[in-house]
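Reading through the structure tokens given below for one structure.
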Amino acid sequence: MPSKTFSVQTRGTFDLFEVTDKIEKIVRGSKVKEGMCFVFTPHTTACLIMNERESGFLEDFKKTILRLIPREGNYEHNRLGEGNANAHIISSIIKPYLVLPIENSSLNLGTWQNLFFLELDGPRTRNVSVQIFK
Amino acid sequence: MPSKTFSVQTRGTFDLFEVTDKIEKIVRGSKVKEGMCFVFTPHTTACLIMNERESGFLEDFKKTILRLIPREGNYEHNRLGEGNANAHIISSIIKPYLVLPIENSSLNLGTWQNLFFLELDGPRTRNVSVQIFK
Amino acid sequence: MPSKTFSVQTRGTFDLFEVTDKIEKIVRGSKVKEGMCFVFTPHTTACLIMNERESGFLEDFKKTILRLIPREGNYEHNRLGEGNANAHIISSIIKPYLVLPIENSSLNLGTWQNLFFLELDGPRTRNVSVQIFK
């Protein structure tokens, strides 16, 4: 079936915020009882993750990612002037999509699993598409 | 079609063990000739990987992951007392699912590709669901 | 539907080169209007990424991955003599597959999203399979 899309406005260079409800709403609207939900963002400096809605964790995640692949560095891509080489690298590793199970016409996630949009080079307006398969 | 599930009992804080046979059995039972197998674990401190069944590699993988994102550290999440912030971060990056090809009514993996459950905050009883699409 | 496959010849131990056109050709040939494209490589020392076609970024990606998980190191797996433990670890984290959206009978990627094969232990002949779901 055709994808449904929504937009988000990110804040700051690095931003991490929840999108579970927006995706769940599309899943429920599809009336698909059992299937797979494919969430995709068509950007090279953003990605999607799934984990716990806990402010300490969200801060730790950000700090750890930027410790491993810092914004500042001797990057070739940054000769182009955008300074976002690390955002491209992180998005390549973490991936700009998630695949999720649907059961009983709803996302069938674990108790602590929530869905987050990870902006790595904002602020920008970003798109997210949701496709459902059965 | 509805998912099939199985449980595993993990041992130790960090555990990495094979689940290829359990998943292959479900694939064969489905009688789907060509399709996709979606394996998902509904936890935020565990994930799934695919690679070689070789004890040296499995040890190297563990050591490398814990070198990059150590259990001990100045994590905000650990103020909650569980001490598992690194498990949440690793699961977010590696993902708690795998997508796999089915051909000739069987997982169509490479010669050296096997499937492993990665426990990051055990020991616990963990669930794994398998959905098949054609 | 059955998968379509193609082979690539990699050059050097570490190689990163584009495969967007080969995959897009298979998608267009399938005549599927809306769906999902599952690209899989059946190897444990290679993987697939999606990001920008920009030589500086491609160089930065290589350097960053090898800084975090270097070829040389005190790896158990390397007692087997192949010296490719880091390739197995990187492939396990980044994954040997991509899931991609199809819309209007074509890959529905973002403006800057292109698809790359990442060789981590070449040179070798590698296979890639493409399956399409609707």
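Labels A, B and C are assigned to the chains in the order they are written; within every chain, residues are numbered from 1.
Convention: a contact is a pair of C-beta atoms (placed from the backbone, for glycine too) under 8 Å apart; a residue touches a chain by one contact, two chains touch by 3 or more.
Model, not experiment: these values are computed from the prediction.
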Other chains in touch with both chain B and chain C: A
Same-residue or different-residue interface between chain A and chain B, half as cut-off: different
Where chain A and chain B are represented by their mean Cα positions, the distance between them in whole Å: 20
Shared interface positions of chain C, touching two or more other chains: 68, 93, 95, 99, 133
Contact footprint of chain B on chain C as seen in their complex: 1-3, 38, 40-44, 68-69, 75-80, 85, 88-89, 91-93, 95-97, 99, 129, 131, 133
Residues of chain C that touch chain A when the two form their complex: 34-36, 49-52, 54-57, 59-61, 64, 68, 93-95, 98-101, 103, 108-113, 133-134
